[in-house]
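Below you'll find the structures, each written out as structure tokens.
One chain, subunit A, links the two complexes that follow: it is found with subunit B in the first and with subunit C in the second.
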Partner chain A sequence: MSDMKETIRNFIQSDIANDNESISYDTPLMSSGIIDSITALQLVSFLEDTFKIEFQPHEVDQENLETIDTIAKFVASKQSGV
Partner chain B sequence: MSRLEEIIENTAKVFPHNKAIEDYEGNAIDYSSLETNIKRVSNNFQNIGIKPSQSVSFILSKNVDSILCLLAVLHSECNYIPIDELSPPKRQISVIVESRCTALLFRETSVDSQLLESLPTARVHKNFLGDISLAFFNWENHSDDFASKNLATILFTSGSTGIPKGVCLKHENMLPFIRWSKNITNLTEQSRVISIAPLHFDLSVYDIFSTLMSGGCVYLLPAKEAKNPMLISMLLEKWSITHIYTTPTMLKLIIQYGKVEKYNQTHLKNIIFAGEQMPVETLQNVINTWPDGNYFNFYGPTETNVITHYQVDTSLPIENPIPIGIECPYAKCKILIDNVLYFVEPHRSGELVACGESMFDQYKNASSEHVFYLDETGNKWYKTGDSVEINGNGQIIYKGRLNRMVKRHGYRVELDEIAKAMSTLDDVSDAAVIFADEKLVAFYTDSNFNISEIEIRKHLGDLLPVYMIPDKFVKILELPKSSNHKIDYQKLNSLLDE
Partner chain C sequence: MKQVKNWVIITALLILIVAAEWIYHFSGSIQLLSLLGLSVIICLLLQTKAQKYATLVLIFGFLAASFWFLPLKQFLSFTAIFTITGVFITRSKIPRIFKYGLLLLYLIIIVFLKFQIPLYIYKGIQLSMILLMFRALIYLYDIQFLKSHNPKSFDFFYLGIYTNIPAPFFPVIDYKSLNPSNIFNPDTTDILRGLNIVLRGIVHLIAYRLIYQYFVPGLDDVDDAVSAFHYLVTSYLMIMRMSGLLWLSVGFFYLMGIRLPDIFQNYFLASGFDDFWRRINIYWKNFMLKIFYYPIFFKLKKFGFQKAVVFTTFSLFIISWLLHIYQALIISGHYNFRLTDALFWVVFGLLVCSVQIVPSISKNFLSKNTYLASVRKTLGIVTTFLTITILWSIWMSPNFWDWKILMQLLFSFSLQEFSIFLIGTLILVFVGAYFYLFLGKYDKPRPTTGKVSAFEVTFNSLIVALSILFFMVGERGYFDPKLNTSFSKFVQNPLNANDKDKQFDGYYDQIIDDNANKVLSNANTGKALEQWKKLSDTEILKSTDNILLKELKPNISESFKKFTFSTNEYGFRDKFYSENKPDSTLRFILLGGSIEMGSGVSDDETFESVAESSLNKLDSIPQIEIINMACSSRNIIHDLYVLDNQTDSFHPDGIIMFHHEREWHAICNYFGKLYREGKASQLYPEIKNILDKYPHLENASNWGRKTLLKDQKMEIMAAMYSRIKSIAKARNLKILWIYLPEITNVSASLDTSLLKLVDGNEFYVCDYSQIFDGYTRDSLLTSSFDTHPNREGHAIIAARLKNDLINFVKKYKNNE
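Entry: the complex of A and B
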């Protein structure tokens, strides 16, 4: 789980956030504007490819993508088929 | 027909049992019930004190009841003021105050609890219609010179002074576009139109009114869902959508992230885009995805609605750049060069100006004098602020903005409005915003070196809609200024390349 969080953090840090923002596992991402509706889709694509899961259209939302913690929890639940 | 509400009366006579509106929650209504319900809600408005010529603002997610309220407001001879439900409460309050509206329609679950307390709220009618409530305001010393039964809506857009400007549109301004767009985009009683644009974005005029004029059905997406291209792609199949009117950015995202190969989108035959320049590459991808479609590029500022159009001939290579086309039948376009008007003829280039039935007269809360050019016969021409060029075929080509306003995700953004919002932070002593490589870049000086980017973002998030939040923040010691102490934007642009 912590590997997964670190993979997600690295992606957000390098591909989405500005260099001078440091992102921790509980940094608000969508409500703070670090991730907008467009970068959310980049993130979803990355998560789908990296963790071999598939988002349903309605699952691309703030509830699942708000922090690295919530993202990891969502990915884990998808992987376990819950 | 001279008023918008007559559209429904007419269609209800011809197609009473056609479905008129369906929403994301699955509610639906046919034309006959729509007409009956509009009258009922309009009576309720009158019973609780709404009078003709008044303004009623909306902070409502789009669903059947919201549109019913909107149409009932028009039926009551009032005008509607749509407010972005996703914009911060401070900006919503600013629009309400600037508009001096009589009342506000809202859902308690989706407005900030402080909103009504920050306004001169006189009384609230809870659950006026379903979960929609209505608040009345009591403005001191308010005499409304604008009050008119002819006014249909006031659309607020970004203003360079830092305060949104309200564009007043009358029924007679909107009807020519509605009639024309219905015909040219092949809307019929069989059409199914997806409504992505929120009500405060003028693209929604087509979705709602042009569709209802045709006897087809408009499918409503709430604001949050309307930002999710993956969901929209799925709904194109689920609702068998035939018409879509949205921004090039949204079309690009649907193709890129919508998993279009998973869905049957073969009903989609009319694709209309507006709000920003369509890149050739994006259009090529869109045409490859939906090869049987008719493609239309619409152009026009909120002040005039759509004034030019271009239909793409998909059998030919795409013209680069894609023209905004020729004037609509109700509009007249000319080119302003060094304060002289010229006809739209090949190889001219200058500022596009327009007049005609669709053009507004005035802003609710700002002077409109400087936005018009008066010709020698006294005709008022709206100066679009857009630089254009006419190609060899007489088609108008969009070149860019003349002033400091840019288009982002189809929305107008005054760069100075963002800079003003940043300057309201104590630690920010000076700020300037530029638009470079499709990104908003904010430069600021922070004399005490103690504010973080996250704090600035949070502050701006309280003041501005998401599409106005800069993509990049650059802290500098001092903003470059020209000799007359104006910010040197060229210099700022060059700083980015370093």
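Entry: the complex of A and C
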């Protein structure tokens, strides 16, 4: 799980956030505006490719993508088929 | 201790809000005070054991608000229709398609069956749809994917949010993000935050009113690049009315313990088109993303990420346009397709898509806390602001031709004007960059929980308190009269020049008919307006195919605007006069429109009638007769026709003609109507020859026509007066020409070129520019929504006319 979180964090830090924004596992991403509609889709594509999961449109929301913790939890639940 | 402090602040904020709304009525038909009163009761109930039944408390709010804001019949029909629909949507197990079908059925009824079903049932369906139009779509989408269902009473509350009842323009609240388990328990911080948001809304509305009353130039003054730029910027700034009203709605949610995120984020500081889309009406953006954007993107992503994003983004703006049509259909019952609407959404969509395609400057560069990055950011802000200003003007233009004329004016700048604009913009960018360097860090979404910003509460309170203080100082007469008159505009918020023009065009008659909410939410005003019919909607006006003539029916006695309205056997609003003039009597014929006819006063109160009676009490002059041949909606072209064809048989000695401030406006409006109806060929040839040089006269709005014809104004007026002069000369008639300003115009003056023109025609000219000075202007109006003079207004005109007629008679007697 921590590897997964780190992989996600690295992606967000390098491809989405800027250098000034230090991203931790509980940094709000959507409500703070770090992730917007387009970058949410970039993140979803990254998660689908990296973790071999498939998102549904309604899953692209704050409930699943608000922090790295919630993203990792969501990806894990997808992988386990829950 | 903290709780006590919070309650003290809450009480102070409540007092400020109530006082400001009481004085200024910022919220208009939303009726903030009623909503606030109800919300405070609900908020207090939620502090007690009733919290256990929170959703029931809020359903009580729904019933109370419906009962308070609606007339009884509409209340019954609305609550019945909404409850049945709500139960059908939330409880029935039938497929979703049938639920959408019911909404579609309501839409069809609203658009096509307005006059076929009883009005209270129609209004009940319409208001139900106003509440359901977007939330039902969100609800039906979200419940497909919910892991656990919310209580049905919560669903009913969500669909029928009571604060939406008087406010058809309402935030698109998301369903999924409202979790009933952690809301409906507002603590003092929530209440404080909610009231602060309401105050924020009021600050926006104060800014809006300042701009509306003092800064937006009248369209008649927009005739070059600088004034066009001024008009565009101030028109865009009036968007603050929308944000103010939506902030008020969001603030009320906190009083229910519902912690909603910001609906706007400093939209004037958007540094790109996509950034603007992110900051303006955030709930709408989120609704569009959830219901349309992500589903479309997932269908298209097989074509590649970039292509799918661009196509989806563009389609989002087309859907936004269609949804605005849907919204307009529900609120007004009809929609006129406008090229400008389509153009606005397409151009906006293309601009946002262009941001996805064109590589942007590195995010890291922009995020650096350096002056250079700040300059780049500020440049983006200024460029976006200016572009959105132009884009906004497309949406706001009544038609494409007007917008084209506005753009032609904007780009008619001289080199000097452009240089000043460029230098001003650069100064703004470089100075603004300094501010942004230090303050930019605060430009981010506010938290929905935790400490409320003391700075913002203080700032908002100060602005609102200042507005109250100004009122108190003004009330006690500490302002000098000029400032007091100017400030009274802010307090009373009369229509500004542009809206007055729309009123004269019949725009408000249409709005009054169409805006269901206005009638729903304010039954008394609605009732009063229903009695306030236009002359053309009564039996008083005679129908005629002659475009040069408007006539009253003969021998009628009706009630018009609550006053007796009678005509003689010739169809004049006057007593009977035989065609043969009695000996030793001077006879005048009064020509003119609604003011001269006496719209809004009874038969014996028209200035013509009052002046005639008082003149005949004098011994110093011969017996005087004034025959009132005026009729509503006439302009100088009609007057000319009447003079030429109807006056001769009465053997007048003189003609009294009035020229009004809006004469040119009325004439251009009339030209537009003639061209739209294909009747322009009936115009006087010298006028038609001038007009035929201008294509699209029928398509442009009246402002567009006035702008196109502004260089021909004097030529057209001269042609009319030249004909009048010839007729007068041939029949040995003397013309008394009077300039009468509008009552509400405190700085009226007679146009010097017009004065020169009528002087040149040897008319006896009287300038009434200052006739209403020294009077409380509003006390001279027929009503708050009708600017015709009332009895007192007519008496003032009569007194002046009496004196002028004495001098007029003496002058011509001496000459004889």
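The rule is short, and it goes like this: the second predicted complex is superposed on the first by the 82 of 82 C-alpha atoms of A that agree within 3 Å, B and C clash if a C-alpha of one lies under 4 Å from a C-alpha of the other, contacts with A are read in each partner's own complex, and residues count from 1 in each chain.
Assume a contact is a pair of C-beta atoms (placed from the backbone, for glycine too) under 8 Å apart; a residue touches a chain by one contact, two chains touch by 3 or more.
Bear in mind the structure is a predicted one, so any value in this text is a computation, not a measurement.
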Given the touch rule stated above, what does A:Ile34 touch, subunit B (first), subunit C (second), both, or neither? first
Using the touch definition from the top, say if A:Ser77 reaches subunit B (first), subunit C (second), both or neither. neither
For A:Glu63, select first, second, both or neither according to whether it touches subunit B, subunit C, the two together, or no partner. second
Touching A:Asn10 in the superposition: subunit B (first), subunit C (second), both, neither? neither
Mind working out whether A:Ser45 is in touch with subunit B, subunit C, both or neither, as first, second, both or neither? both
Which residues form the common part of the subunit A surface touched by subunit B and by subunit C? 18, 20-21, 31-33, 36-38, 41, 45, 55, 57-58, 60-61
In the complex, go through subunit A and note every residue touching subunit C. 18-21, 31-33, 36-38, 41-42, 45, 55-58, 60-63
Which subunit C residues qualify as touching subunit A in the complex? 141-142, 144-145, 176-177, 261, 265, 274, 278, 285, 289-290, 293-295, 297-298, 301, 305, 309, 356, 363-364, 366-369, 444-445
So, in the complex, the side of subunit A touching subunit B is made of residues 18, 20-21, 27, 31-34, 36-38, 41, 44-45, 55, 57-58, 60-61
Which stretch or stretches of subunit B touch subunit A in the complex? 224-225, 227-231, 233-234, 249, 253, 256-257, 453-454, 457-458, 460-461, 466, 469, 472-473
